[in-house]
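Below: a set of structures, written as structure tokens.
The two complexes that follow have chain A in common; it is paired with chain B in the first and with chain C in the second.
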Partner chain A sequence: MSRFLVERDGETRVRLSEGMELTKSRTILAAVGLVVLFLVPDITRFTGLSFTAIHRGILFGLAAVGLNLILRHTELVSFGHAAFFGVGAYGAAVLASYFDVSSGLVLLLGGVVAATTIAVLIGYFVAGYLDIYFALLTLAFNQVLYAFVLQSSYFNSSDGLSVRPDGLNPPTLFGFQWTTSGYDLILYYFTIVVLVVSLLVMWKLVNSPFGRALDAIGQNRTRARFVGIPVEKYVWIAFVISGIYGGLAGGLFALLQLHVSPDPTLYAFVSGEILFMAILGGFGTLVGPVVGGIVLVYLLIQAPFYVEYYNALTGLLLIAVVLFLPEGILGSVPKIGAELARRRRDPGMLREDVATIGTSLRRAATRAATTVRIIVFGVN
Partner chain B sequence: MLEHVLNGLYYGSILFMIASGMTIIFGVLGILNLAHGELYALGAFCAFTVVGFFAGQVASPTGPVTAVLFGLVVLAGSLAAAAVLLPVGGALEATFIRPIYDRNEVYQLLLTYGLLLVLTDVMKVVWGPSPIDVGVYSGINAIPTTELVGVSYPSYNVLVILIGVAVFAWLVWFFDRTKTGRIVRATAIDREMSTAIGVSTDRMFTLVFAIGAFFAGFGGAMVSIGPSPASLGMGLDWLVLSFVVIVIGGLGSLKGAFVGALLVGVSSRVVTPYYPELELAVPFLLMVLVLLIKPEGIYGTWGEIQ
Partner chain C sequence: MTTGPTAGAESGGIDRRTLLKTVGGSALAIALAGCTELLEGEQESLENADVPDEPIESGLQTFTEGAPAVLGVQARYGAETAVRRINENGGIAGRNMNLDVVEEGGAHLTNYQQFVDEGKDVTFGPISSSGHAEMVPEIEAQEVINVSTDGTVTTLYEEDFPDVTYSFRFQNHDVMEALAAVMQAVEVLGADSIDTYAGINPGYAFGQDEMDLFSKGIEQVAGAEELHSGFPDLGTDDMSTHITEINSEQPDIVFSSCWGGDATLLLEQGHANGMFDSIELLVGPVLYGSANDMSEDLVDGPIYSGSRNFYWGEPSTDRWSPAADLVDEVQSEYGVVPTAHFMSGYGAVTAWATAAEKAVQLLGRWPEQDELATVLENHGFFTPAGYHTMGADHQGYSNAHFGELTWSDEYDAAALADVNVFSAESVSPPPGEVSADWIGNW
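Coming up: the complex of A and B.
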């Protein structure tokens, strides 16, 4: 075996570093995904897809990856992740508007530092709470921040701040003042690099002893405490890490939009959307939230141009995902693949499928009839 | 000051009607219904159609007697508008919510968020995208209740406060004194045991969801016949606020929802004139405060309606 190929569980795996190995099919998938991401600017030019929408989708997806750390491993539902996204964006915007910082990377760093500070603060208060209380407490902190920004003249209320240090040009990236299209392109590739690095770091993290401890906390807090895991402290740390991801995404969002206002970055429903991206893409997977982010943001931004009732379209998609693909888009791929392979081996199963569909349709009809009866004649 | 408190009570009463629906749905079904705000908006839109029709049957008020008659007709109209929500709520529960009771709560949130989006567009199809106004507010204010006491205050607001108290009283009576109410509570506490003694939990859940939708719709109707028009996005802020209310009061507690709603209503209306910059933040600061001091809320019990 060479340096990059190892034998494990009877399979040849591609080794990225110590402890990080991919199966062959996953390596191919990851490579294809990377290539597609790098080709997005060209693909969008030829197909008429919106480049900005995909870029924004990736950023929200990055925030969803952060959220997924606590959703998947500690099983806490955070309804306030827009707080970090928004603070990250505002951190960059404040540096650009009030301190004339022109370097994009410094702006991003400012956003991340601001988001981290907020995450440390909020995390301190919420780390001990569970279930719906955790969700609602994070929501409350999110809304307090939103209300504060919306009514503060320093943050220019609902109009928001511009991220143009000299009032005209976008920030410099890597020391250069780019043209508009060049800026978008460079920022996009920078985003991809940040995304890949963040995903690798997250992978390393969840497979470390710390990640295992978070899993233990998610499964049973009491037992985790008994085996000596400092539960609240670990939840707090995980919360801060997921906040850093949100801040990173928010800072990049500020650099992309060049203008930050409260509604698209800080409002409670942005938090909801970030959460739904993780579920939509598949919160049991590492990359799922990114896929969910791209799909949901694309739908929310682009659908209004094509259909009048775009809300219903998105809503029906979400309902369909909950009812038929509970693992999310990416999470369902292995299952669907396995089922298809079984069908190919055994064509007789197709007849069973038809029978299953018939039965469920009949059941649905019966249920609808019962419902109508209840509505017309009352209960009991 | 008195006026601010009365404004707060008015605001709190509307909030209570929405939050009560949400709290009984959460208390019995265990579902945090994100589509609740849209059910409220649906009630407001229905009020436009139904109350507009009813109010057209009687003339605009000229004297005290006709004013009271007018008020009663409008009230009956908004009850009828909210009644539209009963079948809507029942159908939604049976079709979409029923398959996901035993699923992870994130799926419940995602599904009800999907319903929220779909309902928004349904209203857009039926009533169009622009805000609409029933326009009977001044007519109801012709009822001279508050002038008799010597304080000048819109009669409509007083009416809504009274209705809020009446809704609370009815709900307490329903869950405490009626057979159906007790069966619902039994179902909420132990689903398996109530199935064993012959209660159809499916029907109970449909009923509870329909009642919850009814009160959301009634709150919407009350707002819509008031000074503010019915618009598509009206449900969102109230949805978030009713979360705050039921958390402050304690999840699943009716009494808590009532106290929480009045607390949020009065505090935000009293604070706002003096510190306008706190207007949006007050309910959330209140919620953070309550959660940090008493995490289960003021009257918190876990899941049982009291």
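Coming up: the complex of A and C.
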């Protein structure tokens, strides 16, 4: 076996680094995913898909990856993660509006530092709480921040702040003032690099002893404490890391949108959406939240152009995911793949599928007829 | 105070020859002014122009749901009516026009970008001032013309973006309506009787801008003193603290730029808490935008409202047939009386469409975005509201209307009585001058 190929559990795996080994199919999937991400600008040019919508989706997906650290491993549900996304975005906007900082990377750094500070503070107060109390506390902190920004003239209330240091042009990236399309492209590729690095760091983290300890905390806090894990401290650290991801995503969002206002970044509904993204994409996977982010944001942006009652769409999608794909889009891929493979081996199963669908429809029709009979005649 | 004449008012209605001369004989311009029958068989031919066959694609973002929809839906009706008239009259240089409408919500920038991605030839909207300010740099970067229906903050083109190419605004900006309110107040009470004033305005860019300009104007003209200035959140469900404050201070005038659901809430809570017994006058530049949502008891009291650049009864509809035709058409098509926000949508589309046809006549082909933007500067055009110009500063200029809020049994809706019409020159500085400085030299 070469340096990059190892034999594990009876199959050949691709070794990316110490302890990071992917099966062949996963390696191919990851490579295809990466190539598709890099080709997005070209794909959108030829297909009419929205480049900005996908870029925004990736950023929200990155925030959802951060949220997923505490959701998946410590099993804590945060309803307030927009706080870090929003603070990251506002951190960049304040530097651009009030301090004339023109470097995009410095703005991003400012956003991350601001979000980290807030995550340290909020994390300190919420780390000791569980279940609904944890969820409500995170929501409450989120709302406090939202209300504060909305009332504050420093943050320009609901009008928000521009992220254009000179009032008209975007910040510089890597020392250059780019044209509009050049800026969008460079920022996109920079986002992809940040995303890949963030995913690798997260992978390392969850597969480290610290990650295992988080799993233990998620499964049973008392036992975790009993085996010597400093539970509150670890949850606090995980919360801060999760906040850093949110801040990073928010800072990049500010650089993309070039204007930050409270509603799209800090409102509690945004927290709900980030949570939904993780679930939609598959919170049991590393990359699932990114997929969920792209799908949901794309839907939220595009739906109003096609459907009048577009707000109902996300609700219907959530219902569909919970009922039919509880493991999310990416989380369900192995299951769907296995079922398809079974049907390739035994095509007779397709007939059974058709029969099952037929039976379900017949049952549904019978139930509906019964209900109508009861409504019309009062008795069945 | 002087009141400027509306087009044709002096002669008892515009005559056909004047109108034809003014608009250059364009059938489209006549159609959009609401006088389609005038040019039967006299249209100047545009057949030789090199114009593509495919329809013009346009997009409008406006509020279609929630409290702001009181204004937003009217803007939509206005834009749709203009597009319908354009297509019924042979299109713009032969090209029909399609209009997509989308809820502006908080997605102004995304909506504009999506319209550009879809290849729209022109975009219209939004209503929101802050959304408009957010969009302007993007419009300049994307180089696809946007004619804003509202988004009327005065500083936008005076200070924030004084040198724009592709961003335009049809509706009168805040200084015009705040100063129209000042003039109206002085006309009703007399400058000597106005000693104190207060304000309740929505707590964001538009409300703050309007209050600031009204304060400057009323202090300059009457030397009045401000007793209270409150900024409740947009879409709030309670203004009682501000009303209580006003009841205790008892100013002569209350100024309010509240609009949409906030305007009706202010009137409801004002009546419920006896505010109209404590003050001499309420002047609200955009109260009438919520005309279709007001009940008869709400308009009772010393309440005067602006109606921006359009009021359906002024000039009198028996003297000005385009306005009468429009009211009939809107009543039968949508079952509402058209307000100034109807004209926001109608006028934004009309400004662009008439400029586009003018550009085709000048160039002999369909114009590029930058060529059309040049033609739009200093472009004059008619709508059923009268004559409008698009200034060199990209700001639309029209007459400003103000009158006493009353009730119309005929339309079963709020109406304005004793309407004053203020010419654009009397309520706004010339392009290139800053409003605050200009008011200081009144």
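The rule we apply is simple: the second predicted complex is superposed on the first by the 348 of 380 C-alpha atoms of A that agree within 3 Å, B and C clash if a C-alpha of one lies under 4 Å from a C-alpha of the other, contacts with A are read in each partner's own complex, and residues count from 1 in each chain.
One rule holds in what follows: contacts are C-beta pairs under 8 Å (C-beta built on N, C-alpha and C of every residue); 3 or more make two chains touch, one makes a residue touch a chain.
Keep in mind that this is a model prediction, so the values were computed, not measured.
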item	value
Contacts of A:Q257 with chain B and chain C, given as first, second, both or neither	second
Contacts of A:D42 with chain B and chain C, given as first, second, both or neither	neither
First (chain B), second (chain C), both or neither touched by A:E352	neither
Chain B or chain C, by number of chain A residues touched	B
Which of chain B and chain C A:D100 touches, first, second, both or neither	neither
Partner chain in contact with A:T180 - chain B first, chain C second, else both or neither	second
Intersection of the chain A residues that touch chain B with those that touch chain C	150, 310
Complex interface listing, chain A residues touching chain B	71, 77, 125, 129, 131-133, 136-137, 139-141, 143-144, 146-148, 150-152, 268-269, 272, 275-276, 279-280, 283, 309-312, 314-319, 321-323, 326, 367-368, 370-371, 374-375, 379-380
Chain A-touching residues of chain B, taken from the complex the two chains share	32, 34, 86-87, 90-91, 94-96, 98-100, 103, 105-107, 109-111, 113-118, 120-122, 124-125, 180, 200, 202-204, 206-207, 236, 240, 243-244, 247, 251, 276-281, 284-285, 287-288, 291-292, 295
In the complex, chain A residues that touch chain C	48, 50-53, 56, 150, 157-160, 162, 164, 167-169, 180, 257-259, 261, 263-264, 301-302, 304-305, 310
Chain C to chain A touching residues, read off their complex	100, 102-103, 105-107, 109-111, 113-114, 117-118, 129-130, 133-134, 137-138, 140-142, 160-161, 203-205, 233-234
